[in-house]
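Following this line, the structures themselves.
First subunit A sits with subunit B, and in the next complex the same chain sits with subunit C.
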Partner chain A sequence: MNAAQLLNGIALGSLLMVLSSGLAMIYGLRGVANFAHGALYMSGAYIAYSVSDRAGFWLALLVVPLALAVVGVLLELVFFRPLQHRSHIELGLITFGLALMAERLVVLIWGERTLRVTPPEFLQGTSNFLGVEYPSYRLAIIAIAVVLAAALVLWLRSTTTGLHIRAASQDIETAAIMGINVDRVSLVVVAVGSALAGFAGALAAPYIALDPGMGSAFLITVLIIVVVGGIGSIGGAMIAGMGLGVIQSVTTVWSPSVAVVVPYLALTIVLLWRPTGLAGKRVS
Partner chain B sequence: MKRRLLAATTAVTLSLTMAACGAASDSSGGDAEEGPIKIALIPPTSGALAQFGTDSVKGWETAVRLVNEDGGIDGREVELLVKGTDADPATTLRVAKEAVTQDGAQFIGSVMTSPEHGALNAQLEGLGALSFNSLGKDDALVGEQCSPYAVHVVQTTSMDVNALANSIAEMPGEKWAIQAVDYATGHSAAETFKAAAEKAGKEVVLEQFAPLNTTDFGSYITKLKNSGADAVFAVEFGADGVAFVQQADQFNLDDQLKTVLGLNMVSEPLFETLGESIVGYYNNVGYDAAADTEANKEFIEAYTEDHGSAPYYVPADAYAAAQILFAGIEEAGSSEPAEVAEALADLTVETNVGEVTVRGTDNQVLRDSYLGKVVKGDGGLAFEVVTNTSADVTTTESDPACKF
Partner chain C sequence: MTTTAPTDVVSPSAAAPEASPRGRLKGTLVGLGIAVATLLAGLAVPYVVTDTYRMSLLVEGTLLSLLAIGIGFLARHLGLISLGHGAFFGAAAYGVGIATTNWGWSPTTAVGFGVVVGTGFAVVMGLLVVRSSGFGFLMLTLALSQALYALSVQTSARPLTGAHDGKLLSYDRDMTFLGLAQRDVMNPGLFWPMAWIALTMCATVLWLVGRSRFGTTLEGIRENEERMRFSGYDTFGPRLVAFVLSGAVASLGGALFAINSGYVSPDILGFTRAGDSLIAALVGGFGLLVGPIVGTFLFVYAQANFNFGGNLHLFTGMALILVLVFMPGGITGSLQKLYHRLRRGRR
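Showing the complex of A and B:
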């Protein structure tokens, strides 16, 4: 296996890392398997298509997370908070329904046609990285994802909001008794989680082709990553996302048919070996 | 008393069961000789193939509008029942059964993939419905999976590849790599292409298959680059095809390639999305939009009027399927699927894709196949038809495995 194949795995892993960290945040705090996470990612990619078409790709990277954060606020205020005492299955089904509606909405706005986003001119083509000619845009994804992951971990570990998020993710009731405003923390978490999904979509837009089913294609993999990483653990999800991306890409070189089952295999092995996931109960 | 009650209950149950059976039997296929002629369309409505499904429906809609405006077929109106599937054979089969047994459809169209057609073909005779395949290209559909109730309107993969094979010798590039989708059509295309390439004195240095709905082709493209190939034969459809072309561009794969030859990878609806990076790509072209025939002109005009855009091979083949069906019903003087199937055997029909004949031994529609090259014209990207190969070259005889 050569270095380019390893970079392919790291690039895919970087994308999965950003996407799964948002889902892990929401799952950790709200306990909701947010089946709309794939739809948020897909919506992010489509909004990025429209924004980058009119105002450039870099602005899209800024606008998309903000737009999706607003969607996250609505999700929290309209669904998650009022229904927080209902069973997780009911909330999961609601998010599943929202995902289906989002898919149809995207078809109504952008149509069923497959779309493509062109990366900024200086990121087109290849660059020489450690002696390997590799697509510049993929290298940029890796760099952005690493910076984002570091910033996220730093935010969770060094700020008061981060402390509150970690506390509420461990035990939301005790956190509330200790004086933490868990409603505000939840709002922040769902908004940031949704923004991360949108950001992943915007990052992915020049990487993959845009079609309304693109969210569903990643959703199962991302749900598996969250479970493998340790439910609710953002750090665990990041490690699992990167690991799975690399393993899947490497397996594709050897046997594409086997690569398809890698996430399921990883899920089975981790659940048998370490039922709480790679990170156990740690949040960051 | 108990015995009488038991006997009465048994009699009532039996009579109800028989009545129910009778009702089910009556509803199957609808009333074939009265009322509208019903055609169920079952395209994929989500995923990588959704757009082709939608466009196939548009072709049928135009054909039905025109025939109904002309007073229908033998005075009977034609009605479309548009359903949806996720392109999973089990789902498609369930929807088809519902359409035939509950909605009274006699004919089926717009089913997309070869596995769906394979599953459907096995059930058509029992269902008593006639299917028109304008999309699934797998050779097995007119081989071991053929059905007297399935008309194969579209060219098979081997017909397409045989048409391309005629030109392989002249195409630049000696070391070919095959990148194909990991399902029936991809494998049969790869097999046929490999044989044709080797016959033309070319070397196949790599053969790899990616699952349908692959989003990241990085690993595949890296292998292609490392293989030393100077030409690629690619069988990737819809969103997969776009992702492959887009990522190949990012990897600068084209720099080492003299030829990129696609099978259904590049088509008119994707020109805008794919952009100028595909100029010079070769691809099979199922339908020559520039064909100067009355039937084709009428189709293009009506389709453009209905849908606001020019047609390409998917709606064109759906329209051709409709024309063949209508000709079959007229020839049979009936819309009973079995009689229409019988009437279609060796029938020649003038369609928008030219004069075609339904081969009686396997129901393959014999028609021309084309090789096109993407060129940049005044109105944007377009296909320039490079070669035109007739059916007597692309499919010399039917597969002996097909027995009606």
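Showing the complex of A and C:
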């Protein structure tokens, strides 16, 4: 094993970290595992393709989260809020239906062939990092994701909105009784969660190839990460996401057949050993 | 473990409980009579439907219905929604493929072997998952079945499963499946009686189990697992037995599916297959035993007729959302509600 492989793991882990923190936020607050999260990520990547084609990649990184935040607002206003008295499973299955539709819509708009996004020019080559030549763009992914994660944690820890989100994630009813506007908090959380998924998609676009199956391929991994990290724990999801990315990349070198089952193995072990997940206090 | 609130999707049918054991026996006999009549009526289908393509759709619907009633049984009696039953269906199908093609077993023995393999997977998965409920159950079943998929398409599994290419079944010309040679087994008209008998038998067994004392125990666990434990009931055992039973039904479907189509595609274990079956069962409705069957036949029909441009999932996704938002309980659930309203209106 060498440093480049470890860096590959960290780059994958960074993407998973951004994706799973969005899913964990929505799950923690609404109690709904958003099966459309993979579709949001995929749409983010495809929109990034179109925007960066016309106006450059940096603008795409700005436009995509905004566009996906609007999608998140719609998701909250059309489905999550009116149907909040329904069982969580039903809401989860509705998002599953949305994901199925989104996957086809992407094919209808952008076609079935694999697309590529070129990273900005100065990130196209490799740079020397700790003595290894490593693709610059992947280093940029790691840097951006770490900054984003730090900003998210800071926002949740030190702002009033963050306090409200944490309170509502712990117990939405008590939070409402204490005078927190839960509907507003939920709107913010679903919008931010969707924006994060879109951002992860845009960030991933130059790193991976875009195809309509990319969302559901990641979705299961991300769902597993959120359960492993602990329901309602954003920090747990971040750590689990980074950990899984690194472990998976490292095991791929050692044995590819074992690597594909790593997430499933991790989920089974964690749930048997700690049903609440690594950092969670609730059973899903 | 949190108790799951009873939901509209999985709420039980509002059938009036028979007061006396005698009335109960009568209900059982009437039910069995209907089952036998359905079985016999179904056997006439190949004489009515002479078109091979339509017939093959009916066979496909029947075999996939076995998967769907397995999912429906768990949802109705335990309130558990499974995304992992595709694993048992697929494992049984691969079991048949490996036993015939790699080991040269006769197709009849291979189907038995396939069912045993699928049920074995259900035992293993059941031991791991039945303690959980709600989303935990949904995700654990999904994750474990996807693990099986990921393993089956590995290059190192190629000699057994054929990896991404799938597995073509081949066995000696003189070997038969219950008297049908390979060419005849793939003829939907000739294969139909076996599929139909399997479906009606399994549906009857599941119905009888649901009516038995065991079924009542399951419903108690669904409504309040904690209270059942306080009342001195073992809740793990019944859950596991119900899970394995529903897995065995799905396995039978998978084994027959493999024999009939003569080819096992890796998609059979995939996320999409499991999702499609769950959607079909949900759209049909979990409240009645026939709900998942109705849903599956509708799905197969839609797949054959509305799949222009590969847009099938656009429609199934839409159907899923519409049913969940506007008619929880599915098609059969809505018909049942309508029926009860009409009856009340007449009085």
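Operating definition for what follows: the second predicted complex is superposed on the first by the 280 of 284 C-alpha atoms of A that agree within 3 Å, B and C clash if a C-alpha of one lies under 4 Å from a C-alpha of the other, contacts with A are read in each partner's own complex, and residues count from 1 in each chain.
FYI, contacts are C-beta pairs under 8 Å (C-beta built on N, C-alpha and C of every residue); 3 or more make two chains touch, one makes a residue touch a chain.
Computed from a predicted model, the values in this text were never measured in an experiment.
With subunit A as the common reference, the superposed partners subunit B and subunit C clash.
When both complexes are overlaid on chain A, the residue A:N2 reaches subunit B alone and has no touch with subunit C. Contacts of A:L61 after superposition on the shared chain: neither subunit B nor subunit C is touched. In the superposed model, A:V270 lies in contact with neither subunit B nor subunit C.
By the touch criterion defined above, A:E90 lies against subunit C but remains apart from subunit B after alignment on the C-alpha atoms of chain A. In the superposition on chain A, A:V106 contacts neither subunit B nor subunit C. Looking at the shared chain after the overlay, A:V260 reaches both subunit B and subunit C. By the touch criterion defined above, A:V18 reaches neither subunit B nor subunit C. Look at A:D211: by the touch rule set out above, it reaches subunit B but stays clear of subunit C.
Contacts of A:V182 after superposition on the shared chain: neither subunit B nor subunit C is touched. The intersection of subunit A residues touching subunit B with those touching subunit C, taken from the two complexes, comprises 103, 256-257, 260. Contact residues of subunit C toward subunit A in the complex are 1-2, 4-5, 7-9, 81, 128, 131-132, 134-136, 138-140, 142-144, 146-147, 150-151, 154, 156-157, 271, 275, 278-279, 282, 310-311, 313-314, 316-321, 324-325, 328. Chain contact summary for the complex, subunit A toward subunit B: residues 2, 4-5, 8, 11-12, 103, 111-116, 118-119, 124-126, 133, 135-138, 206-214, 217-218, 249, 252-253, 256-257, 260. Residues of subunit A that touch subunit C in their complex: 33, 83, 86-90, 92-94, 96-101, 103-105, 107-108, 216, 220, 223-224, 227, 256-257, 260-261, 263-265, 267-268, 271-272, 275, 282-284. Residues 46-48, 50-51, 54, 182, 208-211, 213, 215-216, 218-220, 222-223, 225-226, 238-240, 242-243, 246-247, 250-252, 269-270, 273-275 of subunit B are the ones that touch subunit A when the two sit in their complex.
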